[in-house]
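Consider the two complexes below, in which chain A is the common component and chain B and chain C are the respective partners.
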Partner chain A sequence: MKLAMKLHDQAKTLGLLLFLVILNSLSFGATMHGGEPSAKSDLWVSFLIAYVFWFHIAAGGLAFLMIQYLTGGAWGVMGRRVFEATSSTLPVFAILLVAMVTFGVPNLYEWARPEAAHDVILQKKSAYLNVPAFTIRGVIYFVVWIALSFLLVKLGASTSGAESEGPHSRKKCAVLSGPGMVLYGLTMTFASIDWVMSLEPHWYSSLYGALFVAGQLLSALAFTIVVLAVLSRKQDIAKFLGKRHFHDYGKLLLAFVMLWAYLSFSQYLIIWSGNLAEEVPYYLKRLQGGWEKLAITLIIAHFALPFLILLSRDLKRQPFLLLLVAVFILFMRFCEVLFLVRPAVTTSLSLSALLSDLFAVAIMGVCWIFIFLFIFQKRSPLPFEDPTFAEAVAHGRH
Partner chain B sequence: MTNTEIKSLFGIMAEFKDAASLAEATKRAYAMGYRQMDAYTPYPVEDVIHALGLRRNEIPFIVFLGGCLGAIVGFSMCYYFQVIDYPLVAGGKPLNSWPMYIPITFELTVLFAALSAVFGMLALNGFPSPYHPVFNCPHFERASQDRFFLCIEATDPLFDLEKTKQFLLSLKPVEVCEVAR
Partner chain C sequence: MASPSASAHIAQESDPIIAPGHSLGSVTEKISSVVLTKEFRPGWLAGFALCAGLVMVLAISIGWLLIRGVGIWGVNIPVGWGFAIINFVWWIGIGHAGTLISAILLLLNQEWRTSINRFAEAMTIFAVMCAGMFPLLHVGRPWFAYWMLPHPNTYALWQQFRSPLQWDVFAVSTYATVSMLFWYVGLIPDLATLRDRAKNVFAKYIFAFLSLGWRGSSRHWFRYETAYLLLAGLSTPLVVSVHTVVSFDFAVGIIPGWHATIFPPYFVAGAIYSGFAMVLTLAIPIRKFFKMEDLITSRHLDNMAKVMLATGLIVGYGYFMEAFMAWYSGNDYERYLLFKNRMQGPYSPFYWALIFCNVIAIQALWSKKVRRSPVALFILSIIVNIGMWLERFVIVVTSLHADFLPSSWGMYYPTIWDVALYLGTIGFFLMMMFLFVRFVPMISIFEVRMLLEQKKEKEAAS
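Then we have the complex of A and B:
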């Protein structure tokens, strides 16, 4: 009976998730069906921006899930359920990728269009940049990520509860996380090349994968802070989440803001000083037609402002203020994804394109957050049963 | 007890065998109202730091100022060399090619911030200090080996030679000694 109930529950969840994902794909599909080719491609770009923005939070959650098993620490225990829930939404992105591969690839990527046959450079790159290879790689990425998140969530659940294996199972999680991080780094580098860098297939940057990962971790961290700060306003959770936990998260946020800026600027500096004909067009596109405003905004609001604000110790210890900074950083993450993707197809900053991108992020966001909350609420918001939980709570007290 | 006696006294020092009894003693002294006191331990003991009621210090602010100074020095140094002192066009780029200054600006920011942290810490600790009264206490050198010391200083408004001594003795230390100035 219990098993039947459980199965029924799971079927209901699955059904709901499928429904949401199909709704999501349909709403994009409907708007993208028909219309001029350029308008169609525009909408797919909006889709890609929304996809990358929300994917960052989910995949970054997987990375943090592995990192906290490897490093330990109270912050990791407090954020674990959020990491588990965000990384459990990865199948949603697999389904959305199917939609993209089926309908969107020629609309998005120059290398997938018939004109590519006349392009010498794209011909030479066609062994890597072709639709079947793109699809197969996509399958491999998601098999790796979903398997990792599935195993870690499952093993993580058995560190606690009735059938507790205790620390033994936690060790298994750590053993899995080591190679998991290596796989994550490799697959995410290739995914960044496939999905975003190949929008401009003549251009390349060996720093791109690292930049993508740094941004991804920043997104996931900011989202986790938002969830934890909201949780800390609940009476029954507030007593477990101390100021020092938020202080730790604030410090990590500062570190990732700096890492992102460091990598972004390194890429720019190398290309700018090299000044090579095959490299500079990427930045030339982004420094004219209104995009230069976005570039300056990123320097100020994605780096300088959060950097200076997060230096304050008092602010990092105030969950509400940290929440505001995290929300602001999430908005800047949208701006950076916009900056990476949009100028590849749209030569000048236009309000309509911007609104369409924001709209896409909002639609996908509503669906994704709903799915996230659905998964997140199925378990306790903090891993109360974890053997190290009491210690982690005590850490937050000072 | 005369005034000169108190003036010639730095404080009263109690010696403990372990960190836990020092932390407990410090808590009790703080609860008694003593504020002008310091603890000496072979390694940092977090409980003692909290028990002493230490306020935040000026180090972060000093480091921030040092970092700002480093950034200004780094950038203006590059500007002076490239634009004023020895203008040389390289790679067809403008003389004031600021992106090229950023790595040096960054490095000098870090360098100045780190150095101001070290020297700021030394200055706030009163270093260099060739003489310090605490060493007048016998076996004080064990503070860097295996003993834990709590010193209530004579400058504390509640300080009273007899009462403070009695109080420290009530904490069951290994030894209590009067520290001459």
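Then we have the complex of A and C:
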């Protein structure tokens, strides 16, 4: 009986998930069929922006899930359920990628269009930049990520078992997380090249993958802070989440804001000083046609402002204030994704494109948050059964 | 940030940072007795003599260089940056572990840093000294080196502020100053302990002078803790900035193989990697020789090996991205440099040796057994030291010796004076380490005592 109930529950979940995802892809698909070719590719760009923005949170959650097993800090125990839930939403992105591969690739990527055959440089890299290879790599990435998140969530659940079994399973998770991080780093680098960097197929930067990952971790971290800060408003959870946990998360947020700025600046400085015809157009495009406003906004609001604000110790120890900063950073993450993707296709900043991007992020966001909450609410919001939980709670009390 | 982890605490019980059986007195006695003795052990004397001999080699090679000029080195057109830059980058990279251990691990609440921070910092300072020698000598007339510093002058001298070489001057000198301050501030309470324990009047005077009137009042401790934490915060960005600027030396150039955006993070990771390797190279014999195994435990070795593995993997990622992007760029020069020149050209054995040392050999560190075996770790740390030197050799030489125009290609061969100067700096570095372990407490006495006390409190609480 119980089993039947469970199966029924699972089937319901699965059905709902599928429904949402199909709805999501259909709503994009429907708008994208018909209309001008340029308008069509415009919409696909909006789709890509929304996709990358939300994907960052999900995949970054997977990375943090592994990082917390490897480093074993108290902050990680507190955020574990959030990381598990966000990384469990990765199959959604796999399905969305199918939609993109089926309908969107030539609309988005110059290298997939017939005119690429006449481009000497693109011919040299056609062994990498072609639709079948793009598809196969996409399959590999998602197989790796989904397998990792599935295994870690499953093994992590068994840390909730008997006391004696607990530390053992945590150890197993840590053993898996080491190689898992290596795989994550490699696959995410190539995913960043495939999905975003190849929008401008002549351009290249060997730092790109690292920058993508740093941004991703920042997104996931900000999102986790939002969830934990909201949770801490509930009486029964608040007693476990101490000020020091938020302090630790605030410090991590500051560190990743700085890492992102460091990598962005390094890339810019090297390309600016080299001033080579094959590299510098990337930034030239982004420093004219209104995009320069976005660039300056990023320097000020994605780096300087959060950096200065997060230096304050008192602020980091107040969940509500930290939540505000995290929400602001999430908005800046959208701006950065916009900055990476949009200028590749649209030469000047236009309100209609911006609105369409925001709209796409909102639609996908509503669906994704719904799915996330659905998964997140199925289990306790904090891993009470984790063998290290009591100590992690004690850590937060200082 | 990554605060003392819950799981680490569990591990700690069975796998302590300090071996059981120590009291506050025994720790003080054990560490300070190395310094406060009249005896010079024969092993120490022999090692010191050998290193002092190498310092003579250093003196001779600098002397001859000043008499004859940089023409005695192998550098020429097209390879204008030979051993001097290679060794500069190698040494400065080694000098990164100290500050990382002292500053970043302090901010991360990693208490295991306590037993190794003191000599890692000392090592940093000596490594930066060695590093500094190379660019100074490479300018040809070191007595004009102050021209690199902006100063009011009447001979229309204006530094090139757009050049990363100029930034190097600021980055390295700041780094040297802050590391020195950090080391010295951290030493003060221990110097006071030595002052109180010294029997020899002469030694007492020196330690009294150096300990700046430290009496250990709570006000002193309060000021000390504040200053130390501030210095840690200040030196954290320096860990990243110095090697980033060093990587810019190459990356802002447009030579194939140098102009890669991955350079800054991968150089920083490489610096930490080589720094930890050098810490291990030194720590393993020192703990054996001075019987410090109960203060530098296998847990320390394990943790350092993990840091080495993580940074080594980032370095491997860097090599891989360089190669992939060279191909992906579709640029003939980039592709030629990586696949024809580096991998198959005249210097290819160096490239493959570097891949073996820095990427393949360290995969052994995945095994806990290797991470806890001093012998295996010692061997691996030497391999990494060699690998990191080879890395700089490959980067500097392969890119310069064959760039865009085949008619201007040429080979680079170091001369005996290049090698002598390099060996000389190694001798200088080791000699300073010998002096350090003999005359300064090599492990922070008061921090180990604090750790012991905290452990006791924790045990009492539970």
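Everything below uses one rule, namely that the second predicted complex is superposed on the first by the 394 of 398 C-alpha atoms of A that agree within 3 Å, B and C clash if a C-alpha of one lies under 4 Å from a C-alpha of the other, contacts with A are read in each partner's own complex, and residues count from 1 in each chain.
Keep this in mind: a residue touches a chain if its C-beta (ideal position, glycine included) is under 8 Å from a C-beta of that chain, and two chains touch if they have at least 3 such contacts.
Treat the numbers as computed from the prediction; the structure is a model and nothing was measured.
Asks: For the three-chain model obtained by superposing on chain A, do chain B and chain C clash or fit?
Replies: Here the two partners, once superposed via chain A, clash with each other.
Asks: Look at the residues of chain A and decide whether chain B or chain C touches more of them.
Replies: Of chain B and chain C, C contacts more residues of chain A.
Asks: Does the superposition put A:313 against chain B (first), chain C (second), both, or neither?
Replies: A:313 sits against chain B, while chain C stays out of touch.
Asks: Just to be sure I read the superposition right, which of the two partners does A:269 touch: chain B = first, chain C = second, or both, or neither?
Replies: Both chain B and chain C are touched by A:269.
Asks: What is the contact status of A:326 with respect to chain B (first) and chain C (second): first, second, both, or neither?
Replies: In the superposition, A:326 contacts neither chain B nor chain C.
Asks: Thinking of the overlay built on chain A, is A:189 touched by chain B (first), by chain C (second), by both, or by neither?
Replies: A:189 sits against chain C, while chain B stays out of touch.
Asks: So in the superposed three-chain picture, is A:74 touching just chain B, just chain C, both, or none of them (first/second/both/neither)?
Replies: So A:74 only meets chain C here.
Asks: Between chain B (first) and chain C (second), which does A:375 come into contact with in this model arrangement: first, second, both, or neither?
Replies: Neither: A:375 stays clear of chain B and chain C.
Asks: Hey, what residues of chain A end up touching chain B and chain C alike?
Replies: The overlap between the chain B and chain C interfaces on chain A comprises residues 269, 273.
Asks: Inside the complex, what are the residues of chain C that reach chain A?
Replies: Interface residues on the chain C side: 1-10, 162, 240, 244, 248, 251-254, 259-265, 313, 317, 321-322, 324-325, 327-331, 366.
Asks: Give every residue of chain A touching chain B within the complex, in rising order.
Replies: On the chain A side, the touching residues are 265, 268-269, 272-273, 275, 311, 313, 398.
Asks: Can you tell me which positions in chain B touch chain A when the two form their complex?
Replies: Interface residues on the chain B side: 50, 56, 60, 64, 91-93, 99-100, 102-103.
Asks: Where on chain A does chain C make contact in their complex?
Replies: 71-77, 121-122, 124-125, 128, 167, 170, 178, 182, 185-186, 189, 193, 202, 204-210, 244, 248, 251-252, 255, 262-263, 266-267, 269-271, 273-274, 276, 278, 387-389, 391-392, 395
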